[in-house]
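Chain IDs A, B, C and D follow the sequence of writing; residue 1 opens each chain.
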């Protein structure tokens, strides 16, 4: 998707003789900035993807869930470019952080002996996923969000997490997660 | 000027029981991006400043023009942070580039023996200054413009230059020129 | 502090007649990027500031701790520019997020009736504070770190948290926290 | 090409009992910044590409030169993402600016009736191309250079231009020109 946009700028008022006959050009704009609307759409995309993996597991078992999760990770996270700063909600100990694709995949669908504590967060029977933003920071092709995500499962039980994401927009318009810190609420 | 803006986001539709009574928060946004409108305003500010130096020279001579130019440079260029990439229209030879404040000041008002060819571009009896943009590139707190600037002097004579600027926006909202390449049109 | 650096570039080999007598210029560099070393120093600065507030409380009580914390927040966080994305370790409920300076101050030193659960994290008798980074992402004048911070108090008890920071560097070289997500480790 | 780098950080001194047995992790770094060395290499790549088009014309005529130029433009400029801010040295009038790929191609090899003044700058018998930088500005995945480029042709004649480039680095490490303002030196 090209981000080039042609914007017609109103001709300047040509008051003086020197500008007679002057036709204002069309200004061409190349905008690399990630907008708030794009960020909100990317968050919704993450929720939709989680529900999709969950549904894949219900309909096709582990192998279908895993294939779905692999496609989601490759599209929504930036692992192909280097370490993603990913701290999933339920990871702990020496495997708290998941800077590699393998670690992310294990967290979402489990089944990897190298990550024995992972049960597959996305395999749960999730029914809804909602993002409630508190702070959004827009910084060029990067943007950060902080707030809550509320998951509801098939029994109606709600799980709420505190979540920070940073997204980056590539020149071709692709948007990927480079930072993801999720944590259970502190019970004071 | 703070760039924080409070945006009221419409509450998400609360369809499930689990969200009953939920009040959507106000999302707070920190936006460091330089907008097209800010860039166009900064360009107009440059033109206005040039006319102001010219008028200062007419009304108060060299010393008033110089003081005005110093204030303009300190506010509109980024010399306090390091070398500005400045290639003025009429500079040449070993003094083609003006990465220092002293070189910029000499170009605008002359009178510096270290820059003997400088006659003071801003001292001419300019009456109007107009920017005609061809390309604008928005990249976070930086933006680049390329196009023409048309100057008209007191005799009605028009001078047109090809001009590229890059602006940066600081966290406090100040906008400064970090790149300025100006050249006379090629006469093919 | 200016970030301008003068780098002497070795003269290109002047092989042809056309370049005879040519003296290579000194390249001037304006570098707005935040380096890994600067990020690590900023993290250490945060730890040192925490210990300083703690020591201020021990030596001068609440008022001295509060004054110290105010100075720290104004210097180390970006609240003057808008909402900081701050999720402290021990905040919860509707006060989980602290996008304002008042909320940050209350978290560090307590004593604000508007934040009744805050006991003052920085008032504890901290003796050491150590950052263990897992991922560092460098992106121009912004950088993100993810890893652990280990605090040891006067009784020798260690508290470890999962922590994400994003820092920004201003044109004058100041480095400030724009994102801070801290959470207790998940106990699986 | 991945830009991820694994950096071994020296273990922190483990002085207290609480850190006994602690093994410092390997910090993983994702660095999106464009370095000065990469910029200088990209400039050299531009010069080499110009000489390559020139040589292609000498050995294979217009069609070979055009094919070479197309490949160069697609690899070295960012036209696939939107308007490039390109003001070639010898373009004038309503075709001074070349925000489209077609305009860039016409400038380098001519032969396009829509750009009747273009003679094909790259078709000249260039023998050397040298960049002399005056200012380099590094700003995350973007960098700007300003200085001179000196071309020598088969007769030994030197042409010097004042040139500004901005480059961007994509997440996959590709480096492309987004801004190119070239002008003949002012003859004062």
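The criterion applied here is as follows: a residue touches a chain if its C-beta (ideal position, glycine included) is under 8 Å from a C-beta of that chain, and two chains touch if they have at least 3 such contacts.
Worth saying up front: this structure is predicted, and the values here are computed from it rather than measured.
Colleague: Quick one: which chain's Cα centre is the longest way from chain C's?
Modeller: D
Colleague: Which pair, B-D or B-C, has more C-beta contacts?
Modeller: The greater number of contacts lies at B-D.
Colleague: Using Cα averages as centroids, what's the distance between chain C and chain D in whole Å?
Modeller: Roughly 35 Å, centre to centre.
Colleague: Per the centroid of Cα atoms for each chain, what is the distance between chain B and chain C, given in Å?
Modeller: Whole-Å distance between the two chain centres: 31.
Colleague: Taking the mean of the CA coordinates per chain, how far is chain B from chain D in Å?
Modeller: Each chain reduced to its C-alpha mean, chain B and chain D end up 25 Å apart.
Colleague: Quick check: what residues of chain C touch more than one other chain, meaning two or more?
Modeller: 28-31, 83-84, 99, 134-135, 137, 139-142, 147, 168, 178
Colleague: Flag every residue of chain C that touches chain A in the complex, lowest number first.
Modeller: Per the stated touch rule, the residues are 83-85, 87, 89-93, 96-97, 99, 117, 134-135, 137, 139-140, 142, 144-148, 162, 164, 166, 168, 178-179, 181, 183-188.
Colleague: Which residues of chain A touch chain B once you look at their complex with the stated criterion?
Modeller: For chain A paired with chain B, touching residues are 7, 9, 12, 16-19, 24-25, 27-33, 36, 128, 130, 132-142, 147, 150, 152, 156, 158.
Colleague: Write out the stretch or stretches of chain D touching chain A in their complex.
Modeller: On the chain D side, the touching residues are 2-5, 28-31, 78, 80-84, 99, 140-141, 168, 170-172, 178.
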